[in-house]
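Per-chain residue numbering starts at 1, and chain names A, B, C, D, E and F are given in the order in which the chains are listed.
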């Protein structure tokens, strides 16, 4: 740790997740400076009091639980597997929007009679021995299988689980699935109701650190404020259109009659100067959700909008970050 | 194909062109999600009815011609080579702004008397046998050489054409040229009037699909709308300047007298509040073509503009995508 | 060089610095088109008269000094080492914001009595022979050691200097330090007052070219204008908030009472149309320094701002690029 | 070509086959020196009159057929596809022992009723249109399908054929198969009697070059001599054992009674000096086929052999390279 | 598994160990053919009944213990960690000569008072909490710490253990050490008597498979025979010298008087024909251990040897593979 | 350095030369064990007193000259450039058989009148300024140009010299040439009599170390002995043929009448036992130079040789390593 770094955030140290988390923080306005690829430490220049550590996801969760690290970003899969029973870990934000996958049960394609958990239970009863389930998530898998009353033994594995049924190492697997291609390549089939844990990246914190260290609490607020403002901004665009009309009020009225462009609050309206003084033009500007953009353009055209310009937004700040309030409540608990 | 994907778009599966097309679609607001690098299928999350396939460019054109694929993006070089005579392929957009190159005739540097097509024709007449031309584009090359009355035999090749003259495999080549460095490294020289086909990436569609499948037609409109709005936006910037003046009208008048900042339509003008109430300031905002930015800044300064802020634009939507209308006309034919 | 390219800019040809300089120019609006990774030449499509050359940093400085190249971008470390005594090189911009490192003196960790330059001097006096200092920067190191009256001999090296003390090749080193990790790995310690030359990327020009070639002078202005406008923009964001108030003047007054959002000049204020006609709302827009964003948000909330939207800025042009004026002065000298 | 290089051998320019051919030639005692990975030319230092060219396999066959290249090494698949009808290509050695694969017909796994060529024919008759067969080997595939009276249309492809049936680009494929894994990944199944062309690397020559250029003929002999001596050596080991016996003849007799170690010709036998003069020991040495080594060891132990040492062999030269004689005969034809 | 493959050998699937084991088997005369890098299956062409599987080392040991795999090659570290208590795993060969490392205890460099296990125990008593030991080998580490009466808690980790003490995740580590560089880079120090498990690659088998499957037993013999013959050969060279002498016996006598070249058994001696008939020359040939080569050369020169030729040996077979006998004994147990 | 390592050998730390030197030492029987790719230290297990260091070639020469390293392997180009005037460096072996290249003068292809050093001198006189020669070998280049009376200024460079004439950085270059391809790519032409320094890898030692440290002297002998025996062995093969004849003497006589197989000393001859007792066969064994193998096979066949087996040789030791004697002489000087 560099001098002055009093709070620590641990990030995934490898692969796709590392790239995604660094991209996410950069977009959020908190770019991480990792001076040396071999190093496991880094800084966030705009948050000098924050030291960054890189660890494997499982180690991140354990470190935050122990309290040797204050904050961590990891997948919900690993967090739920390793968070332990005693509430040392607080989940500040559970959907950072990347690292999506699901922990699922998958069976050999050839088990044609097994199409869901119920038929798996029935089929497994016909086995001489309990169902052998290979997994790297014993806690979650155990709990799920017990809830579903499937008698089994768990087999842990170091390497690719997908080959386990072919090798004869296990009967079925409980594994992370994202595109499903690896399952398909290995002639396995995920059960539609076999989702043990849906997952995406999440921000966690050590409860005690938040309770006892005011600068950790301030950091939690700062992180949540920026993350929420950024995630909201990512989903929206600023749309500006020119529109002829007698007055701002007249134009606003036309907009209030439409579905998308009526907005929550009204449009900002400014005059546009034209050479032909007989016409009065105005520029209207609204924020539109990305998914509604096509419809918004159509509506604006319908009511005479033209020269429609769409611009990106970096942050949208609302009154208070709601998750920060949720966190404060959880801390009281 | 995933369930629900009723329309298919095929993209180049390799190299620079794959990277460029994925970047282009992402910038256009249609990011492709390819869950697995080994996979030849992908999705566009914002267009769930669209299935993405990755193929080699030549196979894309054949697939769209056959109708096994509805839409494709490939280079004009390959499209013209493989589109066939019967109009099954419709070119929706022929200049997507990336993948530029030219199919050109190139001769050995040592052929000093050959400086253009005319001198090539004369020189080749002195040969005992017809000119041997190595190419991977037999259709276009054949047509070009016949139009230019150069007697020849075509030699097809799998690998680097540029070494063919040195190895003695062919006399000259008809090959794709982008920077010209590879020709230079192999001591070849492109003929200035030897451009057989200029090329950049283009969007094509199967004519029958557009005629018979309404959702394919809607998709064509959607793709063209976003592509055109994005390409237009890429070329422009939003320029905002503060300007002192008695009134919006007075300021607009000063702008109308200039060349660039006079614009097609007039500027949007809003008041700027200053501490010193004796001065009245306004903010003017216009859209300027990137290539004109320097001149626009100069003009604004000339008429008293200061604190000039330039921002990016994501889309500029005009009334109707002109290429969509062109497509509708072509479909009637 | 391509035809028509009358001015030449040389860029670093390798590693991190090449990536950073190409990113920097692209962000500045001057993307470099390098058609072929093996090539040492490239173009800037928006500046057709500019030919780009790629060289190692030391060769860039020598080329600009000689005048075979007009402009160059290199680290201040290399520029100061190689610029020579006769003023042929003009530094147009000395802080382009990337490529940060420092040329520093480092001693073996085990030299516990050496904690600064003074104690190094004392300790080195106890040696039988002069202190052996391995470096790739003999000019700067020589000057620094002489200024600090440390008797020494310089030892030049081709490879990693950090191993020199262990191998016995030298006693201490004078080397570039960025993260310090390499020093640490090799059990060396930089002396806190041993900074021989702090460094980041800089833009240099050949004095004679600027004096005699008007298009080189125009290019210098163009480069500086864009670079300054871009660097300024990178540090700022456009903040727009909705605010209820009786009049623009009333709202502006509330803002003038705050610290950050009071701004240099006042806010741009436009009316916001709302359904409920009893309230009058306005949109205020200001430019805020990135580092002040958190406080600006807080201030805006304090005075009733809501729906705060933050957008990126591409350029901020001020009246005249100050470094261009500085250059003109230097040319007179 | 370097000066003095009067004969040309073309080698595959890419991938596994390039590595294998270079390894093969090095083991054969003819290491290729390729001074520069980017170059398409190389030398064999021990054969200064031989110039090496690197081309894609198809281009190798065409070059040798044309006569612009004298010798080539390529797969039998490509040779048979491209050799043409007129006997310009002579196959000097058809089994160089690497590059094994087969051109095979493969159908979708789901076509359960299709298990061989006969059932494919029957199934394809039920189609409305002729069977669409994607391939990169139209000549061989056409011939095979016609011989098997399967009505079809061929579809050429640039990229991975295996995805063609899924995309709908073709019904079945005719493709190179080595491990079968790619077929399996794409849910295709090769037909057991669908082998169109088995293949491994082969050495070819231009007939006319051998007939008219004596140094090409001498090179053919040299290449064949070394290749045959090396391939024979690779399959054998030199086995030396110590054996007690009254005389060489007595020991030889024991060996003649065994199966493997009796050999074609007899063993070489030399006395072994031992301290204890009462015993007479001999060393016997024979050449054994690698596949027979285990049995040879067992036989030697049975008749009292001990201290068995096995050594590698570089070449085994027989009287005259048989394939050279075959070539001379073919040249007469 | 391919048809006909009735026995299975599992090999490490990744990194240095995979490369080394494939090299080892190739040198041993049992090259593995892995048709596809993505595949987890392979064949040994000379042992068609053997199917090769690739797994992570820990999974290999578990698979062999379970009996889903017959044979495996893995490090002794993992074998001892995972072999379990019940003797299902038989170690056929425990020193295959590659993959050397040691599982060791390492403490922070700054713990100056801790120099061995005894001082570690003393120091750890001064801690408030039990010593936290991070490891991926909980079974072996637990046993070792208990044997040495060090009170502790084990902390498992997914990623690089070496950073654990710095991060505060653990106090000390129990980790694999090969060169010690990684420990050094992380400022850790291995305790000289802290070797928990020395390790190199070993061949293991499932006890039940050997007892019940005769072809598995035959395979065990075959593998051991070749492995032992190869390992012995690797350590020896065949040395042949020319020597003048009256008779083979006279020369042998001179050799018997030396240390190295006297050998276990005597030399093989053959006459050398020379032009000058007055001298009688003999060639003597012996097998010499690599480490003794220099001394052997000196001895041979001393007694008049010249023209000394040294050749490689592929295998040295002794009467019966001793480890095979050991295995038979173990199976009786 | 590890404990016990009293002598140090420095090897090139990068690129082709590192790979080649490690291969060379492994083939020589002195494999280097580099436990960690990041490390600059390694061991030779069979020479425990030798510590290996990796440095850039220039640093190797300086270290050996200084005496901080005892032995080094580097190219003759760098050795001659950096060895200095005072004889501190002794060249023990100047042709290790790898790393071949030449330091040469090269001029632009377009300088048609310059074909050799003489015409370069004449041409350069016509220049206004002295010839600018870019080089990384100032000492050797200076000496060569002075000897050839060419007036010049040297220009040092960090990066690729070959682009210097095009950029205008220099007129000609003095650079290392191996295949000549890079010169050709950059339109430069080496002058046939412009070889400043031919080069290959060489073994050097510090003179003082050899004089004062007996174990360094013993190491020099050991290294030279193995290197010479290996280089000799690489060039030769062991050839064994079966031959019918009345007696060893009769066969030897036939061999003495041939050119190659007559050898320096005579063949080793042993009886071959055949089933048909009427014939007497012998095995003859000789050592043949690789380059003579084809002719030796022909000669052996001519005199009735058959079943010719060729085997590799690892070392050929002669009486005393001649270069060791040369070194002892040089040390006296």
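In this text, contacts are C-beta pairs under 8 Å (C-beta built on N, C-alpha and C of every residue); 3 or more make two chains touch, one makes a residue touch a chain.
Note that the structure is a prediction, hence the values are computed from the model and not measured.
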{"item": "For chain A and chain E, chains touching each", "value": "none"}
{"item": "Chains touching both chain E and chain F", "value": "D"}
{"item": "Copies chain B and chain A - interface residue numbers shared by over half, same or different", "value": "different"}
{"item": "Chain whose average C-alpha position is farthest from chain D's own", "value": "C"}
{"item": "Farthest-lying chain, centroid of Cα atoms versus that of chain A", "value": "F"}
{"item": "CA centroid of chain A to CA centroid of chain F, Å", "value": "60"}
{"item": "Approximate Å spacing (C-alpha centroids) for the pair chain B, chain C", "value": "35"}
{"item": "Intercentroid distance (Cα basis), chain F paired with chain C, Å", "value": "47"}
{"item": "Residue numbers of chain F (touch at least two other chains)", "value": "270, 311-312"}
{"item": "Chain-level touch network, classified as line, ring, star, complete or other", "value": "other"}
{"item": "Contacting chain pairs - touch in the sense defined above", "value": "A-B, A-C, A-E, B-C, B-D, C-F, D-E, D-F, E-F"}
{"item": "Touching residues on chain A, where the partner in the complex is chain C", "value": "29, 35-36, 38-39, 46, 222, 225, 229, 233, 238, 248-249, 251-252, 255-256, 265-270, 285, 287, 311-319"}
{"item": "Residue numbers on chain B that touch chain C, as the complex places them", "value": "178-182, 237, 242, 270-275, 281, 283, 290-291, 293-294, 297, 301, 306-312"}
{"item": "Touching residues (chain side chain D, partner chain B) in the complex", "value": "10, 13-14, 40, 53, 55-59, 62-63, 66, 68-69, 155, 157-160, 163, 167-169"}
